[in-house]
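Dropping a structure here in structure tokens format, bear with me for questions.
Going in written order, the chains are labelled A, B and C, and every chain counts its residues from 1.
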Amino acid sequence: MAIKPSLLLCFLLVASLSVSLSSAYIRSGGSALFTIVSGNNRESYNLERDDVLRIPAGATAYAANRDNNQNLRIVKLVVPVSNPGKFQDFFPGGQQNPRSYYHGFSRQTLEAAFNSPYPAIVRALLGQQSEQQEGQSQSQTQALVRATRDQIRQLRQNARSSQEVGQSRSGPFNLRNFQNPISNNYGRFWEAHPNQVPQLQDLDVSVILMVLNQGSLFLPHKNSKTWVVAYVSEGSGLFEIATPRREQGQEEQEEQEQTYGEIQGLSAQLNQGDVFVVPPGYPFALTASNNNNLHVVGFDINIQDNQRSFLAGERDNVIAQIDSVAKELTFSGSNQQVESLLRNQRQSYFASAQPQQQEQQQGGESGYAFA
Amino acid sequence: MAIKPSLLLCFLLVASLSVSLSSAYIRSGGSALFTIVSGNNRESYNLERDDVLRIPAGATAYAANRDNNQNLRIVKLVVPVSNPGKFQDFFPGGQQNPRSYYHGFSRQTLEAAFNSPYPAIVRALLGQQSEQQEGQSQSQTQALVRATRDQIRQLRQNARSSQEVGQSRSGPFNLRNFQNPISNNYGRFWEAHPNQVPQLQDLDVSVILMVLNQGSLFLPHKNSKTWVVAYVSEGSGLFEIATPRREQGQEEQEEQEQTYGEIQGLSAQLNQGDVFVVPPGYPFALTASNNNNLHVVGFDINIQDNQRSFLAGERDNVIAQIDSVAKELTFSGSNQQVESLLRNQRQSYFASAQPQQQEQQQGGESGYAFA
Amino acid sequence: MAIKPSLLLCFLLVASLSVSLSSAYIRSGGSALFTIVSGNNRESYNLERDDVLRIPAGATAYAANRDNNQNLRIVKLVVPVSNPGKFQDFFPGGQQNPRSYYHGFSRQTLEAAFNSPYPAIVRALLGQQSEQQEGQSQSQTQALVRATRDQIRQLRQNARSSQEVGQSRSGPFNLRNFQNPISNNYGRFWEAHPNQVPQLQDLDVSVILMVLNQGSLFLPHKNSKTWVVAYVSEGSGLFEIATPRREQGQEEQEEQEQTYGEIQGLSAQLNQGDVFVVPPGYPFALTASNNNNLHVVGFDINIQDNQRSFLAGERDNVIAQIDSVAKELTFSGSNQQVESLLRNQRQSYFASAQPQQQEQQQGGESGYAFA
């Protein structure tokens, strides 16, 4: 699986057609037109911000940016139908970059297939050999083509929006219709879950959107079964994760012997365009910077029967559920100390990144990043 | 998965028993007797041309060629129950090539298992050490044994044909009962689909048979999700496929960077006994030679929700469904040129391999194989 | 998948919490207390001998040995949720061996998460840096903690036994409730099958228990689809398996060419604590030693539609089902000799390891281990 964010310049039409993938799209900016064609059908959709569209594996599809003056951004999860990690795009048109798949057939076969003389096929489908230089830049690739306003207008005919589509087995849906109850004043969370959205059912994937308010913290938590693959669509912040410690050159050995609870913290600045991945079971947290909200869109993969457990905060806090005796045997403090500590955080899920209560003696080394 | 075509000489009995495989058999010639035994049951079947039989994983089975003067050919798809790509045959009888699995147990255990003295076990099951030479040829292997007419006659008792079995959850079925509507005067296609045939349901495999008439073309098309594994059982022809271009020594790099629409054509002569494989999404075409029909039997693996899309012809043509504007932006010709070209082929799925319409100026380099 | 037998000393509490695994436990000795906590729930169970408990993937769990003077043994099958063969434990508490996952977060994040000053967090959760030496022995790891009698008593409150739980979708069940009809006077077999036990349903795993009486034989047999992973919990005996012959240095080549029925016998002494694995299709047998019963607990993985076929004995004997003619063509003896041999063993499944009938001329080389 891969996330493949693409930037489509305005008034460009992607007339390139992807194949052999099950895909979900999130638009995180701009407004787009998507068309999916099969052998006997064509469906066009107008997509707005936070709309999600599934493109069936192997479908022929194309997209256009409808906006005059705004870039279109798409976040894409590619699910290969067979070999994990491998997929392949095929294009019906193009002489080079892309090159039409019709170039894969012999002259005789093409003449028979179209019941037409070869020059007519070249004229209509294959095109003249272009005099492109070697050093041509990627952005001039013919997979992206500039369309006129009038062409965009024609493409929009019969296109339906996610509202017009409503609840159906195909077509787009909007993430903002699926607010998760874990939302509060510090952050909001939307999750289109396969139990609610038939388009996602056989993929076992949730599509998520999170807006973490400036200066707020998504409390440390873990997923029991789910991989998180997420993309920062706006804002900046900090990503922290607790991972097993691996010493240099001991990877193999440690896997066998030493995974018994050795933990280190990894942290990374998050900025727009960054992608992060969290395996199941790994505790992680997110902090939004003080001057702007952090917007994250992503995919929770292997979501069925997943449990999201928090390690701090009032509700869904797995630590608070441990027996008093077991708390005492597990932690360095007495059960009273642990429970008193747990009670200090009255928020759940999302909280202020600035602690409200400060002990007198606190201060010390503020540069001390990890415990 | 593997295709394993076997040639069984007439009046030979395969008394060897395969194990740990889910298998489907297509008989593409001769007439056979198959018996499947389990711990408390025995089922025998008379198989005719184009009958398909599923052998459950791990079943003990044996087959006989009933014909006096015709070879028996079997096309077999082996689906391992656990490790992909690995399977293992086990034989209850035989001293060497094959060697009975009873040889894997100690004398003490065999005596206790059969509650009998060792010499009686050797006499009945294990046999004398034969004086076989090292250089013995494969065809003399004891997995194939010559049976008398009378023995074949006894084996046939109680054997049922696919017609007698009718529609049930086990037993054979005949491919010719499942004609696919894509058949026409140039070619016929049969497909036993898991939706129709309970024997195939949990395998997610269609068994297919195609007869492409001499001088005919199976139009370029692609499967959205299915792998095709096919065997040429009769005739000859040409196989063409459009594949991503891979330059020498750049495989790794290209996988990451350059798979963007670079296409090359691969073609191969097909003759009886050849096997070809088509991954999902790859456009391909078949042509029968001018002097005989091309017969292909095979397996469409991962068939659920597969879409077969044609790239030429009247029906199920995915290119014809693209918007006029998108056609113009995708292809080198105007929308009018593309649509006029598409209209020239009035057939669908199968067509003549000789184009009927010829442009005046056509001619040129007839040796020009690929565009 | 892995079997991970653990020895927990008496009056120790495992306050360590495992994560990202689906697990089934068999207690083969001692008596234990297991607690599983999630974000909003806590379930405690009293487990007795031969109880099985499934721990959901990613759950936080801990266990205690309730007995004063008996060691607790657990047999565990770990089913990773994503990467096969890889799993990871995480612990909420501990400074080192294990180290709390809270150590993976920065001071700032912990202060905000708990809305508390850092020293209070260190005091309650993170603990002081201990002065542990490098050479510290494994058994001193803080994942195992000694608990007082009174602490154990508190942990037992509200814990339910497998009898109290009854038939439900979660919680423990006892293997002794699932006697398999293949049991007889020589051996008894219990099998908790996913068809009967909802806890095992989506795992496609049977949990098995076998007691083979002293001087008895579990007759040679094979599974059509199932892997057997088994643990000797008591007694001693002999394990025999018929496997394809692999010559030294020819592994790769043989896999392709020579797997056609070359068989060799492998045998191994079994003692308490030993683990053995049997792939699907491989014939195997077990013999209990003459002075004690052999107790085996284990997991039959990939059990759905599995057929257990016996190669000797009266019932479920696949060889007895072969046609007379096919028997004659397969084996060295006449059909009469084979059928007379098969009739000598009147027992099914389990039998005496001492043959009752002896031929006059028998005797010979008793040291002759394999045929």
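Note that a contact is a pair of C-beta atoms (placed from the backbone, for glycine too) under 8 Å apart; a residue touches a chain by one contact, two chains touch by 3 or more.
None of the values given here were measured: they were computed from a predicted structure.
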Ask   = Nearest 5 degrees, what's the C-alpha rotation angle taking chain A to chain B?
value = 120
Remark   = Comparing which residue numbers chain B and chain C contribute to their contact, where sharing over half means same and under half means different, the two sides are different
Key: For chain B paired with chain C, centre-to-centre distance based on mean C-alpha positions, whole Å   = 39
Ask   = Could you say which residues in chain A touch two or more other chains, in rising order?
value = none
Ask   = Contact residues on chain A for chain C in the complex?
value = 217, 219-220, 222-225, 227, 238, 240-245, 255, 259-267, 279-283, 285, 287, 302, 305-313, 315-319, 321-326, 328-333, 337-338, 340-342, 344-347, 351-359, 361-362, 364, 368-371
Task = Could you please specify the touching residues of chain B with respect to chain C in the complex?
result = 13, 15-16, 19-20, 35, 37-42, 44, 56-60, 62, 81-82, 86, 88-95, 97-128, 141, 143, 145, 147, 151, 154-155
